[in-house]
Every structure is written in C-alpha cells, then in structure tokens.
Amino acid sequence: MSTSDGWLAAALVPLLALGPVLWRIAHGPAKDRLVGQNLVSLLAGLALLLAAQGFGRPSYTDVALVVSVLGPTGTLIYARFLDVLPDSRLVKWTALIGVPATVLPLCVATGPGRAMAKLLLVGALLIAGSVVTSARGGDGGTTA
Amino acid sequence: MTVLPYLVAGWIFLIGVYGLVTSRNLIHAVGCLAVTQSSTYVLLLAVGYRNGGTAPVFSDAPTDSRVVDPVVQALALTDIVVGATVTALLLALVLQLRKRHGTVDPDALSELKG
Amino acid sequence: MTDVLIVVALLLVAGAATAAVLNRDPVRQALVLSFLGLALALLFTFLQAPDVALSQLAVGSAVTPLMILLTVRKVRRRSGNDHGADEPAGRER
Amino acid sequence: MDTARLLPLVVAAPLLGAAVLAATGRWLPRLASDLLGCAFAAATAASALLVLFRAGHPGPGAYPVEWVGGWRPVGGSGVGIVLVGDPLGAGLAALVSLLVVAVLLYSWRYFDEPPRHHTGSFPALILVFQAGMCGFAITGDLFNAFVFFELMGVAAYALTGFRVEEPKPLQGALAFGVVNSLGAYATLLGITLLYARTGELGLAQIGRKLDTAGPDGLVLAAFVLVTTGLLVKAAAVPFHFWLPDAHAVAPTPVCMLLSGVMVELGVYGVARVYWTVFAGPGGLAHPAFTRALLVLGVLTALLGAAMCWQQRHLKRLLAFSTVSHTGLFLIGVAVLTPEGVSGTALYVLGHAGVKAALFACTGVLLDRYATVDEHELFGRARGLPVVGALFAVGGLALCGLPPFGSGLGKAVTEEAAGHTAGWLPALYVLVSAVTGGAVLRAGLRIFAGAGRRPRDQEGEPETTGEEVPETGQRLGRIPAPLVAVPAALLTASLAIGAIPAVASAVGRAGALFTDTGGYRRTVLDGRAAATPALPPPHWQTTGVLLGLLSTGLAIALAALAVRHPARTGRPALLAPVRRLQSGHIGDYVAWLAAGTALLTVLTVPGIR
Amino acid sequence: MSFRFRLWVFLVGAAGFAVLFAVACFGLPAFGSGHHPYGVRAVRASLNHHTANVIASVNFDLRAFDTLGEETILFAAVLGAVVLLRQTQDERRKTPEPAVVHPRVRRFALLTLPLALLVGLYVIAHGQISPGGGFQGGVVTATALHLLYVASDYRALERVRPLTVYEIGEAAGEAAYVVTGFAAVLAGSAFLANVLPFGTLATLSSGGTVPLLNAAIGLEVASGVVVLLARFLDQAVEIEEPGEDEESGDPREIEKPRESQGPGKPRESEEPRGCGRPKESEGPEASGASRDDDNRDDKRE
C-alpha cells in the first residue's frame, strides 16, 4: 500500500458517495435534484484532487479547477430556470468539512509552490460555490 | 475486468437506443441520443488504456514514461465536439417542431405518413 | 488500486446512463445527464485522459443540459393552452 | 506530384468561402452573397476536375496521393491523414462540385426569405455541405471519413429543416438527423474495433494489418458496424425510412443535392471500405459480402419501386425512386467485379443529372402552383411546355433510354450483374420500368392532363402535396435559371452516355478501384498501381435492347395508369408496407437496430 | 406501427447487436494490455516537434485535417442553429424583464466571472503544454460568460454580448485555421504542415503552428458556443409567437400545491413524483408551466 495507493483509496470515498447522490437525483423529489447536482460537482472536485495526487500528476488539478468553476455556475443557471434553489445544510457541511479535510493534507504533501496555490484556489472555489448555492433564502437566485 | 469496460460501452449503446425507441418526448429522445454517443467515448478510451500508463502530457512527467495511447484521446475529443453540435442542432429542430406542431410526442406527429 | 477506481467509475457511468434513459421527464433527465457528464469526466481522468475529461466536463455537464433546459422552458412556456397535446396520455397501444 | 497539393484545397476552398460568407453575410446584398457562393463552388469544381484529369492520365503514380501536413509514411506506416485522388474518388468530388454550382445557380433568385438580415447563411451551408461531401469522397482515412460523414449530416439536417415556418420540414429533418447520427455512432464503434485490432486508422494500413491474421468475430463485427452507418446514408432497406421524409420536405435545391449525390456517397463508402479494408484474406470473404449486399440491394430496389408507384406527392415519388436506384447501385457493387463498379459509377453519374433535373422541374411546379400533389395538379401545367418536355425527357432517361448516361450505366451494370445471377437483368428492367413509369404517369397527368382525373381514395393516410411555394409568392413568369439548370443537367447526362471517352475513363477508374493491392502500394509505398487492361464499358446490343424494353414498358405502364386510375392506383396488399413508412422516429430507430441484426445474419457464414 | 410491434422489432435488433458486440469484445485484447504502435509513433513525432501535450500535437499537427473537419462541424451547427432558431415573421421579440438577484448570488457570480474567464483563457493558452486546449478552454470561457446572466439578468448579458461580433469572431476562427493551412502551402510545404520553428519543449511558444491553430480553435469555439447559447436563450426568454401571449396569462392554470420556499414569494415547481418506468404512464405533467420570471411579469402588467 504505497502512499499513492493511499491517496487513491481516499479518492474512492467521494466516488462511492456519488452512488446514493445519483439515486437521489434520479428518484428523489424535485427539491433534492438541485441539491444532488450541487453535491455532485463538490464530490467530483474532491475525488479529482485526490486522484491527481494519487497518480502523481499535478497537472490533473486543472480538471478539478474547471469542475470548481463550472459546478456552481451550472447549479446557479439551472436554479435560474427551475426557479428553485433549495437551501441544504448537507451540501454546506460537506463542503465546510470535506474540502479542508482533503486540501490541507494535499498541501502538506505537495509542499509550498505554484501547485499549492492552485490547490488552495480550487479549495476556496469549492467552498465558496457550495456555500453560496446552498444558503437559505435564495429561491431561484431571484427574489420577487 | 479484462472485458468489463467494453461490455459497459455496449450496454450504454443499447440502453440509449432503447430510450430512443420507447421515448414519448422528443427532447428526451435527443437526450437518449447523447447517452448513446457517450458509449463511443467509453469504448474509445477503454481501447486506448495501458496498465500502469500515465497521460501522454509531458509538462510534469518525464518524456520516457509509459503512457496510454494519445490517438484515441484525440479521436474522443473530436467525437465529443460532434456530439455536442448534433445535440444542439436536433434540440433546435425539436424546439421549432414544438412551435409548429404544438406537441413533442412522436406518437402525435402525423404529418409524414404512407 | 487504479482498477478499483476504474470499475467504480464504470458502474457509476452505466447507472447514470440507465437513469438518464429511464427518466422520461426532460428536466430530470437534464440533471441526470449533467451527472453523467461528471461521472464520465471522472472515468476519463482515471483512464489517464485529462484532456478528454476537461472537454466532457465542459460539454457534457454544462452546455448540453443547459440547452435541454432552455428547450424545455420554451416548450413548457407554450403548454398553458393545450394540455392534452403535450402530456403523454400514457395510453397503451 | 503537383496536383497532389490540390487535394486538400478541394475541401479547404469551400470552407474558406463559407467562413467569408458567414462573416459578411449580414451586410452583403442578396446578389453579392450568391455570386460569392457560386465563385467558391466553381473554384472547387475546377480544382476537383484538375485532380481528376491528372488522375486520368497514367503519370508516375497511377493517381495523386497527398499526406496532409507532409506526414509521409516511413516504412509503410505513418501518423498523418492521406487523401487519395483516385479517378473514382476525384470523379465523385467533381460531380459533387458541379452539382453544387448547378444548385447555387438554380437557387439564384429562388429563395425569397433566407434570414432577412443574414443572406449569406444558405450559400454558406451549401458550401459546407459541398466540403463535407468532397472530403468524404477523396479521404483515405477511416476516421476522417467519419468526420466528413458527420459534417455532411450536420449541414444536411440544417438545410432540410430550413423552412422552419412549416411543420413538415421540421419532422423530416429531425428523423433524418436522429437516424443518420445513430448510424454514424455505430460506424464509430466499428472504427474503434478496427483500431484496437490493427492499431491503424488509414484504409490501406488497416487492410494491410488485417491480412496478417485470419478473419474472426471481431472483423465481422467491425464490418457490420461500419457498413451499417454507410448503409443508413445510402438508404438501403431497412435503413431507408428517413429518405422519403427528408426529401418530401427539404427545399428543392437541397433535394437536388441529397438525391443527386449524397445518397450515392453512401454506396461509394460501402464499396470503398470493402475493397480497401475487407477484401483481403484477413477481411470478409467475397461470397459473404455478395450475398449480404445482393439481398439488401434487391429488397431496396423492389420496395423502392413499389412505394414509388403509389405516391402522389411528387418529391416523395422521386425520393422512393432514389431508394430503388440505390438498390440497383448496391447490386452493382455486390457483384464485386470491375465491370460492376464501373457500371455503377456510370449509372450514378447519369442518375445524378437526371434526378436533379426532375427535382428542379418539381420545384418549378411547386413555385407556380403551390402544390406538388399529382391529383391537385391534374392538367394545370399545360402552360409550361418547356418544363413538361424536360420532365418527360427526365422520366425517359430514368427508365434507361439509350443514349443517356443512366441508360449506359444500367446496361453495363445489369450485364455485370447477369454473370452473378441470371434473373438480375430482369429485375433492373422491371424496377426501371416501374419508377420511370411513375414519373411519366405524373408527367402525363400534370402537363398533358391525359386520361381521367384520379379520385382521392380514402383509407390509407398519406402525405398530400399542399405546400407553401419556396419563392414567397407564386411565380408569374418562370425565371431563366429555373429552366436552364435542368436542361443543362439533362444534356450532361446525355453527354455521359453518348461520349465514349467518358465511359472508357470510368472503366479505367473501376479497374483501379477494385485493385486492392494496387491501392495499398500506391498509398503506402508510393509505387504506381499497374492499370489492368480491360475492355472499356460501351453500348452493346443487349444493353440497348433492354434499355428500349424498359422504356417501352414504362410508357405502357404510364398509359395504363392514366387511363384506368382506379385499378392501377394502390394495390391493397401493399397497404401494410405503406403503413411501415409511419414518420415515427421510434420506428425508424427500431428498424435500424433490426437492420444491424439482419446484416449480421447475412454475413456470418463469411467468417467460419 | 404499434408500440408493441416496435418494441419487438427493437428487441430482435438489440439481441443481434448484443451477440455481435459481445463476440467483438471477447476478440479485443484484454483491457489495458493492447499494443499501440500508432500511439508510440505519435509520441515520437510530437516530441520531435517539441509539443509537450501529445494529444494537442495529434489534434493540431499530425491529424490537423480531422480537427479542420471537427471545427467545421461546430461552425456548420452554429450556422444551422442561427438559421433554424431565427425569428420568423409571425413572432415578436419581447424585452426580458429585469430580474432582481439575491445579493449573495450576485456577488458570487460577479466575483467568479473574471476568474472563470481567466481559467478558460489559461486552458486555451496552455493547450500544447498541460491538459486542455482550444476546444475545452473555449467552452469554459463561453459558459463563464453566462455567469453574467446569473449575476443579473438577460438584458445585462445582451448588452455585453453583441452577437454580430461573436458571429464574426467565429467565422474569423474558422478562416484563421484554413488560412494557416494555406500559409503552409505557400511556404512550399504541404497543407496544414508545421512550418514554424518548434521552440523549446513545454514553453508557451513551443510546437510551431500548434499554438496558432489552438488559438484559432479557441476563438471559434468560444464565440460559437456563445452564439449557440444566445440563440437558445433568445428563443426561451425573448421570442414569442402570437398564440403564446394570451395563454401565458391563462387563469385556468392549475396551481400545484405550493412548497414553502423560505421567505420569498412561494414558488411552486412542477414535478411528477414517480420515476418514469418505460411502461408506466407518466403522470400528467403539471399543466401550469413552471412559473418563470416572464410569466410572472405578464401577470404584473
């Protein structure tokens, strides 16, 4: 079990969490769909960060960077059209707990430098995106 | 594991075509066509994989490292563009068809028969 | 270990594809397609294809579902008057 | 090797034209954008013809080969894409370009209403369509063929659904789009299988690598999947359902291109892929290919003719005639002999001119009387003697009347098919007679008002021909291009049949096309393919007699139908076949899946 | 054809396809163990041209003709969408109402917009070095632009996105690609040949014509996707047919049970409960269209 396998095993956790999220999106009530979509981009970002470290290829974090940008954007655009932006404590706490729990060990592993800056940027975007799109009072992003 | 990716690609193709055949809403049908096409990406990249290989991008890897096949990735890229544009065009047709026919249910379209 | 990741990603992609097909309502299907886009992006990254993952991410989980939602919105906006024509009456032939 | 440099330009020039038109489309007046479109199309036609004439004369290499980007192969294997200017491919590219020039001239003042502030969009789409078809004709790389296959498709879907104000075009374009895209994805699965087995993407390279090992299930699967997509484009049974829907609704200039050359490119694709990839020992055995294509060809020819006879919508009538002729082309390809291929090539050349001219005349009727329904138009077009004459000549040429190009093609192809199965020439005569008869019947009723007015029969739902004229308001006087273009196309078809030099050039092209080893040596090793000495196709007495027979039969059928409309109208036993043409996308996709299974069953014995 | 007969025809076809494809799958080399001669040659050729990202080299150098075809497919589809989604005579264009956006969402969107555009341009620029390229970056940039729609409303987006500029940009991208190809011919080499100096590996200027073609594709894709989304947005938000106006204020709309949505005006979202099993008849979609801003605004006028 080399360290890279350790990171890949860690990447498995958010990946396995995607299964129930898929079930929620496919079968859950309307409100849960957008929560699910929001959660998916968060979990995918985390899985990608861990996999990048696991494969030893820092250039894979570009994919995580684009996920952290497109995920919240997509959620907000869908919310605009479906006129429902459900507040979800699940997404918020997953972000507030999950992101630091993955980004900090990664920063320690990569050491200071341009790669760490990119990791922190991705972490910040993931947290900001999740918090904004899941806070209370944002129905469809538009208030009457 | 030796055949699973190929069989998953075959499954996705068949389930996509099943969706197309039994669809009662043309927007859903175009979505099923996009699903059918994603089977070609899975098969393309599964064919190009090499055990223990890494991505053929040498910005952060030594140029003699064992890499997976870059050609299938270029083909998959082209294929994704084709998929996106065909989906967009067909959705435009469905949108206008809804305007002119008043419905998107293929069963209710009876213009071209016989 | 990489093989485990690939197998899980493959099963996720197969499940998402099946869900996308069996969900007859386009709005729900758009969101499942968005999930499928992200699951494919993950699978491609595990298959060491970050370029393809990036483009699938951009197209499959952002642009295509957005266009489907726009089409649904245009279709739904007109559905106020003709209830019958638009609802699949579910009649069995 | 100078003309080899021209090969990529045949594709790049129309793209540049399309880009210029799209960029300046907003400000250019209607005339300027049409002029620009014709200029770029003509330039492409010139370069295609230059490549064709260079390929015609046996220079150092039999025909020019160009590796794009200068990536020539080293030791037989390379990384680049190869474009092959062999006489047949370059000839098809020239045919495409000339037809596009004719179509752009035809639609000179034809369309009243391209998007008001974007007059450049229609010519730009036509130029992109031309680039896709020319690319498909001259490429020697399988994945590149898939890309151009899709490019053709995307341009054709947009052009077919051009008139968004009416309901029918949208439904036809959507069925066209979904079915063709699904066929293209099946082709891509086949290409992936071939790449996994051989590690190559070029036609010649794949063929050479396949022959190093014996044929097995994977080779059969790859053949079935790749050929499925090409047969969907060629509209063979049971993949043909999209064609009548798309043709009945597309604007007339687009119909001229669809029926004239795009469907024939599907047949060319099937022949090219088989002869370069699967014809060797490691590919599919010849009898298996012949059996599969023969069965599909005969089914397509018969079903096309039967449905063609029963149509009252002129464009659908011509569309089903194209389906039946595709069946005849597939039989010509299925016999796997140089005569079969050169006969089919002549038949395609002749048929393209004739079918495009017939569609052009139908366009005139549509714009003058706002309908293309045979019953509605009964006797109303007496005021258009010239168009009537062109329509009648087109109908006769469709039956295979010598000395027309289509007549010569039919004669050579049926003679080649006769060697494989004795009854095939009879099928050629019957199918030509029925389809030609249907066209003549429509012509007699519309232009001469002959016989009794056909009553509308209840029961079977069918597509009638009421349409909105494509020129905005009904045309008082027929503008010159609407008559000059069909006349030019018919004279071109006549020239192909009459001038022996054309036939001998096509004969040489057919021989080169079926020389698998020669193709691989020319493309990969740069050595010239030996041009086998073959008697060039020419008019033979049996060919002339059969041509006259089918024409006479057609005239008899037309006269019979005109005098007794009720009895010869719509036989009841064909009603279930008519109901299959349901316009429902789910049906067409189901039939596509069933077609793949049918193709598998037909080719399986080829492997063991 | 009845539904049952169609399903039977499909099942027969699907069975044949399944058997065929399974035989092929077992004929394929085991997953991960195939040999890739083309890939090895491609890596060697890419490194000779000092292009670090071999996929970009395959796309823009070895098989640049494929990418020309691919780019033209996008160009044709956008042109097709412009033609198909045009506003016909009987349709009116209605100016969209300004939607009031929640301050938190507005701040986030306006903050992320420049960052997203930067990421998109970064992905385009580093196409031939790190993963990414003209196409991926172009789509990210185009999607990022629509953050403005999220931040405020459609009119703001229209002000900052003059469509004619983007249409010309798209045609310019296509023309630039073809002209670069012609330039290689004029320089005496083959069409789309890599004639420029290759520079040093993994630097911004490495790869000869690869960065140029990359930029052309990035320009074309970014403006093409913007025009495509603009056409769809116009149809969904602005263009209205005559028949559409009266019914959108239709009192008979069946109101779905309102779900409490927090302090704002209760917003109901229609959604049939059960997941659509193929046979199960889909619950009637709510006849009341999902309430969106312009319907609501019609009520207010």
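Residue numbering begins at 1 within each chain, and the chains themselves are lettered A, B, C, D and E in the order written.
By definition in this document, a contact is a pair of C-beta atoms (placed from the backbone, for glycine too) under 8 Å apart; a residue touches a chain by one contact, two chains touch by 3 or more.
Predicted, not measured: the structure shown is a model, and the values here were computed from it.
> Please identify the chain lying most centrally, where each chain is represented by the average of its Cα atoms.
Answer by centroid distance: B.
> Name the chain pair with more contacting C-beta pairs, choosing from A-B and D-E.
More contacting C-beta pairs are found at D-E.
> Centroid of subunit A to centroid of subunit D, CA atoms only: how many Å?
Each chain's C-alpha centroid was found; their separation is 51 Å.
> Using Cα averages as centroids, what's the distance between subunit B and subunit C in whole Å?
Whole-Å distance between the two chain centres: 11.
> Between subunit A and subunit C, what's the gap in Å when you average each chain's C-alpha atoms?
Computed value for the inter-centroid distance: 18 Å.
> Would you please write down the residue numbers of subunit C that are in contact with two or more other chains?
Expected reply: 22-25, 27-28, 30, 48, 50-51, 53-55, 57-59, 62-63, 66-67, 70-71, 73-74, 78, 86, 88.
> If you look at subunit A, which of its residues touch at least two other chains?
Only 26, 55, 57, 59-60, 62-63, 66, 70, 73-74, 77, 81-82 qualify.
> For subunit D, jot down the residues that touch at least 2 other chains.
Counting only residues that touch two or more other chains, subunit D contributes 143, 147, 150, 154, 157-158, 161, 164-165, 189, 195-196, 201, 579, 582, 584, 586, 589-590, 593.
> Let me make sure I understand the interfaces: which chain pairs count as touching?
Per the contact definition above, the touching pairs are A-B, A-C, A-E, B-C, B-D, B-E, C-E, D-E.
> Which part of subunit A faces subunit C closely enough to touch in the complex?
Against subunit C, the touching part of subunit A is residues 4-5, 8-9, 11-12, 15-16, 18-19, 21-22, 25-26, 33-34, 36-37, 40-41, 44, 47-48, 51, 54-55, 57, 59-60, 62-63, 66-67, 70, 73-74, 77-78, 81-82.
> Which residues of subunit E touch subunit D once you look at their complex with the stated criterion?
Residues of subunit E touching subunit D: 1, 6-7, 9-10, 12-17, 19-21, 23-24, 26-29, 34-39, 41-42, 45, 58, 61-66, 68-70, 72-73, 75-77, 79-84, 86, 88-90, 164, 167-168, 170-172, 174-175, 178-179, 181-182, 184-185, 189-194.
> Report the residues of subunit B in contact with subunit C in the complex, numbered from low to high.
Touch list, subunit B to subunit C: 1, 4-5, 8, 11-12, 15-16, 18-19, 23-25, 27-28, 30-32, 34-35, 38-39, 41-42, 45-46, 48-49, 53-55, 57, 67-68, 73, 76-77, 80-81, 83-84, 87-88, 91, 94-95, 98-99, 102-105, 107-108.
> Which of the residues in subunit C end up touching subunit A in this complex?
Subunit C residues touching subunit A: 1-2, 4-5, 8-9, 12, 15-16, 19, 22-23, 27-28, 30-32, 34-35, 38-39, 41-42, 45-46, 48, 50, 53-54, 57-58, 61-62, 65-66, 69-70, 73.
> Can you list the subunit E residues touching subunit B in their complex?
Against subunit B, subunit E makes touches at 3, 6-7, 10, 14, 17-18, 21-22, 24-26, 28, 30-34, 36, 38-39, 42-43, 46-47, 52-55, 57-59, 63, 66-67, 69-71, 73-74, 76-78, 80-81, 84-85, 126, 129-131, 133, 135, 201-202, 228, 231-232, 235, 241, 278, 282.
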